[in-house]
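Let me begin by presenting the structure, written as structure tokens, before commenting on it.
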């Protein structure tokens, strides 16, 4: 418990300094503006009936809208050389507002499949391989059950609460059970059904990520209750704040292209809180707990890597140059981080390990996520390298120093990697036409979103765990169950009969 | 043998009741009409030279064609808001009839890859993991060999016999060895080569599904002969009847968007017949035969799940709103079924199992298949839940009560799930624009197609097994081979050297 | 050492005969012309500023350019029926030269993901499964590290040296660190970022293929140095010679649609040289060294197969009829080769093996690679069957006769399969519109490219190994390390804790 | 006390366990082993190389019993494990000086 | 010399090894085995069929020691492996005629 | 009869088997075991934590032979398994009261 507060304090202190230093700057500098406009634009696409951006500050909204329009105009000029011009022509020809572009739709259907592939089989193999043999199925089942459960929750109320309405922190219930979404409903240049399902896969993987932090010791029933509460009260509001035109988008112009804040920091903090509240696994850290199936770890990491193209390049919601560049920087950041982690281990420990190179790749993928729409290849190298070094230090030194037992380093990789990425997203930018990269100090909005996400997710996680505790008569498996392994204890099965 | 007829009788009885009750209704009610038109449309795309729908009943054909035209007109109106309008414009501009849309082509090339991924590695891992260690390779090789063999058969005569010509039950030999198909040949809005390869992946997975029913005891040579015969005399004619404008499409307006009847019921019944004719595995049901590698089962199921997006959303043959909705309902049905199966096990057996949640997901995927082009998200929840419950009952109770040994529950999941899906497809529909869902009794055509498929596949399977028996001097491995394991006996290899 | 020269001599002798026989023919016969034009076209797409094809022979360049224009015109006529007409219309409407087609972009983003999936997880599982248990991680890490390293090298200088400039053997440094590539930079009908990343995945898998030849006995540090040198001095120049408008493209009109020469022969020869220079594994061939995890081999092969659609159909760089046909012939060749290899084993050894069917599929995929843009389905059957037989003979007889220890038959499958494919690519062609296939003797250019690639890669490999030897104090692991296994020796980990 | 070690065919384990239970023996330890003997192995093939696998999977069963129970136990095992085919395995009997139950520190026959 | 065979719970191995080291024993051989005894197994479920898994994972430890060291070794093992719960396992002691160290051909107590 | 138990390095199994065949012994049972002794293990690393793996993979070979064949068998094993490096393993010889061939119910030396 004390550790929890200690860590949160460290994190907060780290951010207050830079934040104060930035206070003086105005927050209407270029990249911020673009982003705010983009968010506005996205919101407009998502729900074209709620054109007003806020209720309270009408003046500000008008200004924001003007900025958004300017940005859109810029876009439309740029699109003389992009795939959009064709659509403009079409919309002229038919005098219609919204239409589906088959190329964008093709890409987004596939991107959706790729992101699902990240969770099952990707993440489940990655985590399953890291577990000890007696717990492999419990990890796999938790990932699968999370997939099933979040699909239902996102369909029933999640999509509505996250994306519709214009609250600061939560959306509304206008689209509960997908009310009003038909085959012909359009979102941007793709069918709304595709946008919905794409976002569903994000709602699946985010809680699934947390599983790795409390693996090998939490009751299955408690896992389901905790994840349901966390999804509802942390994932949905942070989504709404960042991507749904809520507090962080509107007021702080947070840049989060593909989910550094919404997904990784959010999940990483939940993992940290959960593993501290649950306590260490029996025997940790005295007995070694090496992965039972390292090839699974590597296949899982590889599938995460491949699927991440859907995650990052898919977040453009179109098959265009931004998506292409997002894929490029994703690949470069992942490779850099894998390479740097490998070299760090080689130099510091004498041997580069398989688990290390895989973990490095994931750290790089996490860190590039928020930046993948705005950064260029050289920025990606910087972000990948920074993420590898900081996450390496967290997972191999800080964790042992502080003594919490984050089973598969969810905080160490997703939480910390997400923070590194979110901050550096405020620094590196690429020019669309020439590819020139420049450094721009746009840290303030980023720092605020990181802090708010940390606090929000931390508090919600703690309360959710306490509620689960009450419902399940304790969230932790018994010592006997833990020794026997959760596979037999929770699921009545053994992983292998070899 | 007796069991086989008992089961067929139960199934038939279940259907005769509702069928009689429907006798009075006219079969020209709305959804039927649409579907008949759609089928006509599809047929027209496939072979634009055979414009006449039937030979015998010209009057009926004219009426049908009129309906088809009306439906097409409706489509074209709807397409003011869909991606098709662009194509209309283009066909106007260039005065050409057929053209390739790159977005649709992009999606369908990928959908083809996804469906191949369902068989190898997906299905082979799912089945391979369920097998005992000593038989893992035999299952994997059977899936691989099926992939190779069916690719050749589909290329040489399968595509032609299934899709060309206007027979009631079989096509003709007009396209044998892909005569007339070049790089520029078009089918709908995609190259014919893509349509051909997409359908090839269906022709691969369907016989591969059957492998799970007779696994761990059938001679490899007999497997190849049986599957070749079954493919030729059951898969191809049912395809032609349902999708090739044959008997079930024309006369009964069967709705089968992505293959509930053609693929799953067809394969499920073949599996049932094969496992009954072969007899039980040595030691079944006395000795437990748990899966040797449950993580493989889960990875396999995950890859099936991801690949199924290609299967269902790909069956739209375009990247549009219908494809998007098909992906959405596929995801929702799979998740619902996985969740319901898990809860059923938890409540009825005390523990939710890993194999259970994976099997549930597959059952949901099977059941949504025929409905994926016409149902909405709430219908998908209903279909997923129903499939999970009925398949759970079949695989855990009915199978033991009747005493057949369907090794990996091919009948229990694909046969029964397919039947549940095919019937419910006649009930749930979604409105394109508003997303409103309604219930419509359109069961009759569905029931007839189910019954005809059951009988057709059942009879062909039985005869094919008897022929294989003659050719191979018995279709069953010897007792010694079975005890030693088919890996060493049939393939001279062991799965693992751990 | 002696073996190395013996093999090279055999290969060379095999080619000199046919080559002399061809000397008389003129090299301007139809398919050559088309290809030269196509290459010119590709080059033009890659770098639209360097319009001149050569410096030295201006006259020849003009003639070539004329041919290229004629071919492009033919294309543009054909495109009345293809997706391109829309783009033509658009370019007319907007008076712009280059634009992004969203459908092509969608496909190419996904194709890129598929090719990455070939290396990780595909190839790494295929090789990992073939290794002995104690070396599984060393193989996996080598594939992963190769992915990371080549991503960086390709970004920093590889792309520039391979694709820009108009040297005969090497490109220039104009695009070092992706200078000038922005979000809006276009290559053909796709963003240049996508073209770059797609080609990056080729630069990743090619060196990774070599790993299989020297597996289980080479120091990890030596692997990295060797691959870096080989990539720089063999992969990049062969790429430039064949695809970058260099020597083989310009002078010999080599047809290599997706990389038979650049990727497979190139890597296969490097593998052969490396395994001969390194020497045999301890105990080879006396002790049997069966694969430790055959299911991994099959999953790996399956992922390679699925990913290969991205490799071959992606090499069209568009979602059109050529891509569709490339996918089709890829599937047919892989299936044929798998089937033929299986039957060969069955007939010659009494049992069809799992490793055999998987290896056969890979051999077919390798051989169809160079031909996948020009051949039809019947040609694919011929190529698949030929590859299976020749590679079977190499891997099971020739290798043992010559006594080299190519751990996982990189030369036997990729080298030899690549040669078979490259030669047969000169024979089989398909007509675009009717699908009719014809045989055309276009062997000369193919033979020359094969020979030049063999010599080039052979010499570079040998020198690179010697340099690595100096840097690492020997390239081979010690006997003790080899007995203990490279997992523990090089990476401080064990694969499994089962 | 006597220790009975039996090497049997794997699929006979269940029957042997039941046979021992019938003569009142309810404790045993089993190990997966590989046996080499007159029963010939099989041939495996890997890319054209054939090699013989001589070591066949067997189960080794260890039971420690009171002296007087040994004969019955051996009988139970041999009759349950017999298939009449080569490779059925062997039973070896040796003497044990002392047995201790860890949980209770009971010794001798009490410990079994 | 005496051979001590101990069947223990897997997670006790580390402690037992340390206990033996304390009494000066630094060589041993361990095998993963399955034990059957009074400790009841668990139920597994596969598609609705429930079956009992009677054989539980255990570790078998073999240590050969000089006659005089046997008692101490047994004590070390029993006290380290004891949890007081059923299934803690057994220790069996028997006699060894001869021991040889392969590397040096030393025999008897020297070889241990 | 004598039971010879040998703990050897895994890669020596084939040679030991051949050496035994040369002295006429054609039956044996082998088990994969982990050995702990003077041969030191290796270090493994998992996300920065290093831990020592003390238990090394070994093969345990059990052969039961007639009394008079024991010496030859032990010699065959020790010379074939010897590498001269630490960790080569041990051979233990003990007495067997009775041996039975399950297939035929033969006993004593006949059973081997």
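In order of appearance the chains are A, B, C, D, E and F, and numbering begins at 1 in each one.
In this section, a residue touches a chain if its C-beta (ideal position, glycine included) is under 8 Å from a C-beta of that chain, and two chains touch if they have at least 3 such contacts.
The structure displayed is predicted, hence computed values, not measured ones.
Chains touching both subunit C and subunit E: A, B, D, F. C-beta contact counts were set side by side for B-E and B-D; B-E has more.
To find the repeat of B-E among C-F, C-D or B-D, check which pair has over half of the same contact pairs by residue number; it is C-D.
Inter-chain centre distance (subunit A to subunit B, centres taken as mean C-alpha positions): 36 Å. Rounded to a whole number, the gap between the C-alpha centres of subunit E and subunit F is 18 angstrom.
Of all residues in subunit B, those touching 2 or more other chains are 86, 101-104, 106-107, 110, 290-291, 293, 319, 349, 351, 353, 355, 492-494, 496, 498, listed in ascending order.
Subunit E has residues 31, 44-46, 50, 94-95 in contact with two or more other chains.
If you check each pair of chains against the touch rule, the ones that pass are A-B, A-C, A-E, A-F, B-C, B-D, B-E, C-D, C-F, D-E, D-F, E-F. Residues 11, 14, 42-46, 50, 53 of subunit F touch subunit C in their complex. If you check the complex, the residues on subunit E that touch subunit D are 2, 6-8, 31-38, 54-55, 58, 60, 74, 77-78, 81-95.
Only residues 283, 287, 483-484, 488, 492-494 of subunit C touch subunit F when the two sit together in their complex. Within the complex, the subunit C residues that touch subunit A are 86, 90, 93-94, 96, 98-107, 109-110, 112-113, 116-117, 120-121, 124-125, 128, 136-137, 140-141, 144-145, 147-149, 151-152, 155, 177-186, 190-194, 196-197, 200, 220, 293, 296, 319, 487, 490-498.
Interface residues of subunit F facing subunit A in the complex, by the touch rule stated above, are 44-51.
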